[in-house]
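Notes follow once the structure below has been shown.
Letters A, B, C and D mark the chains in the order given here, with residues in each chain numbered from 1 onward.
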Amino acid sequence: MLRYFTAGESHGPCLTAILEGFPAGFAVDVAALNHDLWRRQQGYGRGGRMAIEKDEAILKSGVRFGETLGSPITLVIENRDWKNWQKKMSADPADRDPDLAVTRPRPGHADLAGVLKYHHADVRNVLERASARETTARVAVGSFTKQLLAPFGIRVMAWVAEIGGIAADHSRLTPAEVFERAEHSAVRIADPAAEERIIAAIDQSKERGDTLGGVVEVVATGLPPGLGSHAHYDRKLDGRLGGALLSLQSAKGVEVGLGFRMARLPGSQVHDEIFFDGEKKEFVRRSNRCTRSTSARRTRPWPRSSARTCAPFRPRP
Amino acid sequence: MLRYFTAGESHGPCLTAILEGFPAGFAVDVAALNHDLWRRQQGYGRGGRMAIEKDEAILKSGVRFGETLGSPITLVIENRDWKNWQKKMSADPADRDPDLAVTRPRPGHADLAGVLKYHHADVRNVLERASARETTARVAVGSFTKQLLAPFGIRVMAWVAEIGGIAADHSRLTPAEVFERAEHSAVRIADPAAEERIIAAIDQSKERGDTLGGVVEVVATGLPPGLGSHAHYDRKLDGRLGGALLSLQSAKGVEVGLGFRMARLPGSQVHDEIFFDGEKKEFVRRSNRCTRSTSARRTRPWPRSSARTCAPFRPRP
Amino acid sequence: MLRYFTAGESHGPCLTAILEGFPAGFAVDVAALNHDLWRRQQGYGRGGRMAIEKDEAILKSGVRFGETLGSPITLVIENRDWKNWQKKMSADPADRDPDLAVTRPRPGHADLAGVLKYHHADVRNVLERASARETTARVAVGSFTKQLLAPFGIRVMAWVAEIGGIAADHSRLTPAEVFERAEHSAVRIADPAAEERIIAAIDQSKERGDTLGGVVEVVATGLPPGLGSHAHYDRKLDGRLGGALLSLQSAKGVEVGLGFRMARLPGSQVHDEIFFDGEKKEFVRRSNRCTRSTSARRTRPWPRSSARTCAPFRPRP
Amino acid sequence: MLRYFTAGESHGPCLTAILEGFPAGFAVDVAALNHDLWRRQQGYGRGGRMAIEKDEAILKSGVRFGETLGSPITLVIENRDWKNWQKKMSADPADRDPDLAVTRPRPGHADLAGVLKYHHADVRNVLERASARETTARVAVGSFTKQLLAPFGIRVMAWVAEIGGIAADHSRLTPAEVFERAEHSAVRIADPAAEERIIAAIDQSKERGDTLGGVVEVVATGLPPGLGSHAHYDRKLDGRLGGALLSLQSAKGVEVGLGFRMARLPGSQVHDEIFFDGEKKEFVRRSNRCTRSTSARRTRPWPRSSARTCAPFRPRP
């Protein structure tokens, strides 16, 4: 069982993750992890902070000579701006300064809920942890975990499917092609026409002092049938993925396969019929509309399971 | 911490749930629980099985003289059709009959994934547990849990929002009103015009041998601000609710608040502005589009958080 | 991951266990399980209840035609005396009878702690669950789990090492021999001379209206090296075994290997030196004083890890 | 629910703990935590390493201006000797040097089990994490947790009860007195005569190149009745304490109350009779032999629950 904790305030000295249960003897690629951290910081119209922080993970335990030991892996990402926050985010009671207190809770954040729940007088005591910067530690953990799956032929990819209501048309591409093209796009989208319109929309939104939302697609290929289980509610794959995705800051929806469109289509257009290929002696499907039935996913030419997250994309003035 | 396990095959002798961690000294209402079980079995166009089973929970532990003891609560729901399945679902090796084996996996179910994962030769070994009947045990557990919340003024309600693409218009009603009306509808929907069209659509779908999907809304009122937490990813309320809802058989999507619509709207139309009512000395919001910001939910006249699940509604020929 | 819950009051209708995560396709032996339940009820000088109850487990889920399905296994052990307790232990509020209340907490039990913690006016509300009868459900779960280990050559055995301060001398026997002899002893002890003295001590104790304590040894043979882990505190085998054994009613101590004797011996007499057998190409040890170092256990002729539990043995007048 | 992970190799850059679930708004005392770390390093005859390391915890998250935020607390203890181990314990594959490999597993450690389990060629890959230095992170976590209990009048104390078979006689002292005296002893024992003999035994043992073992007593005072629960096996206090204590490196036994002595005494001398003080209107006990029955512990003049751990005390040549 893999487990992980994340810790760290947005303007604290660093973010820390402990990843426990990672197998021993695995050659981890720290450069690939740092590439994933770099990737998290890209995006047209991002806030100024992204320019300040060039995240890099430092390994403090669990890896020796490039290989995992089987012991807990500590990943530390230092906050480069810490020198400007040492006093304001100090752990030392002597540095307390009531004048610093943030007293105006922002909507769309955990600010108000947090101060009411934890009895804080300073909204900063909430916003520092509720910040999207916390996901940096999750990206680091996820990067090593993706590396662990790679030798099994499993690949996890994600890209932007739409921003501000402008959706990509990449329906004729394979997941690997979509991913490849999106990686070279300023808004991580595989459709140049959509990209152009999105950039214009972001610019306009910025001018108005407003923000846009978006949809991200996550696709895993090469998965064996039977991940998760039908046997108990807390082992079900859809539930676990859905729980993980909705735990992301600002995510307000998750779909698996066709998602909500399934609710509007007749069953005959929703399910993926199962055929048996007598020659190859394997089950095949000619559609992939419903991840619930992607058990035989490996037998399809371009397996594809998609979970969509509605993550508001927020350019700031 | 409340924990529960569910067990039982669809055509086995019974379903069993153990609910552990329930507080002591609480007067449980078994009639209300049985009403919830009855409710689960209603719905226009349901399969023949619903007529056979009249579910009732039997308490086997954890309750004495109507009050909880603090010890694990065992809830048993007997399968009334068991007498016809005793041989086919027998635990006894002497009853094995290979001729009974189901060998044709159905799409849209865990059948194929299950037999590949667990190396079963008989699809029944999967479908019996993957069945939606398993949710009966969850309804029983959920019923007692709802009762536990009631003295705090918390109410959890659910209804059908749409079936087969035909959506209810209940935007001018309070959650309590929607719930009340939906409870008296054959398709649990609070809009008589939509109900009529849905019933016609179900009839037509049945004739064609097809099925329809739908969307369910879950609303909790009276919640205190700060349930869940921003402090760690696995304590976040959205994530936990999303994980629970997507663990339901046939659920393929979850939305919180405006959900995917948020991804298409500018931030200015998505967030719920926070005001301070100087007279009442409390925070107020004049919208509730974003459950993430419903921290101050208690201060609104008709608080409402909605998670939508896309659960195909399946009339059978 | 195997998980289980137990439920049930001592004089309730039944005990229930749900064993979740058990692999599919395993042929379980219900007769062997029932033999383990029978075994739990034996012992010279046991109370009258043991004669009333002849425990037998009924499978309510998770097993079909003698083989596990991969779904949760429900084990039910009915209380044969239930007909005499239906009113006194009724779940129905109408049966409440304040005159039945037990108001005198017994020392050496959870009675007083339980009524204070759970605000019960009737000690029975605690003692029914705190009862040693709860271990029946654990024996049932443990029996299937032992069966799962058997094909790997792993055997888990237990016997009485001492009662009332009278210890067995079985130092020249192998674990399998000790087990075999103990199984045929009225007090489950492998030393006939000790057995005779123990029976006399039990008789005398009974006459005086007093009770005796004892020590049980648990030995597992055939284990592979490396069970548990040094990598994180909650994966350590000694900790997990110790936690399980001390969760047993009336257990007040656990030792691994030489246990407390190790604290009194010099290190040179405590550790098990590691040798390398160049011919067989394997590590060997010539002693087994310290389970912490039984990593290479499989290489010894008679591997032996012992955890001792101090479980007062209570004949009642 | 409080949770924590520990991470870090003995000669790595640092030890890290993440303590998750700690309440917000609590004023933590870092000096007291550092005193506990200092305390861990004391003891007559300790190895040379203790002189090198002067452990101090650095707070990297979860605390601001001396108060907890409710977010995960990161505690880092740097290894002062790291500069001498940078190459030997480097995470960088370029630093790999097969000549450094430790190939001789030590008895009494996880060395052999670890290399067999994790397929390591270098014993150092195990011993670095199996090291008792890991407990430093647990001491740090435990120190904050003790601080959290203090305002409730709960005090957790520990001292040495015996070393090398030489036991302290402190039976006429209160726990607080024993603790106070032990804190001023070179071997943390409250009996000067025993101390003198122990120091001599340590010196002799060192000369012979041997080691001694010992017994530690842990006492908590001021606890409310009903901690833990009789309701489910994994909530029982004895089981949880026993599991925690036996997860400590080198611990081979745990006793609660009189422990194994209970197994040798008649029930009449083991249980703590419960009396009711009609004047004070409270339950009282006149003995405390059996922690299982210390539910009413608060009512005794000198409440005392003791768990004994057999922890070999190892002076090294």
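Here is the rule we go by: a residue touches a chain if its C-beta (ideal position, glycine included) is under 8 Å from a C-beta of that chain, and two chains touch if they have at least 3 such contacts.
All values derive from a computational prediction rather than experimental measurement.
Centroid distances built from C-alpha atoms place D farthest away from chain B. A separation of 46 Å divides the Cα centre of chain A from that of chain C. In terms of their C-alpha centroids, the spacing between chain C and chain D amounts to 27 Å.
Under the contact definition stated at the top, the residues of chain B that touch 2 or more other chains are 5-6, 20, 69-72, 114, 117-118, 126, 129, 229, 231-232.
Viewed as a network of touching protein chains, the structure reduces to a complete graph with every chain in contact with every other.
Taken in their complex, chain A has these residues touching chain D: 3, 5-9, 12-16, 18, 20, 24-25, 27, 30, 59-67, 69-74, 89-93, 95-96, 114, 117-120, 124-126, 128-129. Residues 1, 20-21, 69-72, 229, 231-232 of chain C touch chain A in their complex.
Residues of chain D touching chain C in their complex: 5-6, 105-114, 116-118, 126, 129-130, 134, 138, 162, 164-165, 205, 208, 210-215, 225-226, 229-234, 236, 238-248, 250-260, 262-268, 270-274, 283, 285, 290-296, 308, 310-312, 314.
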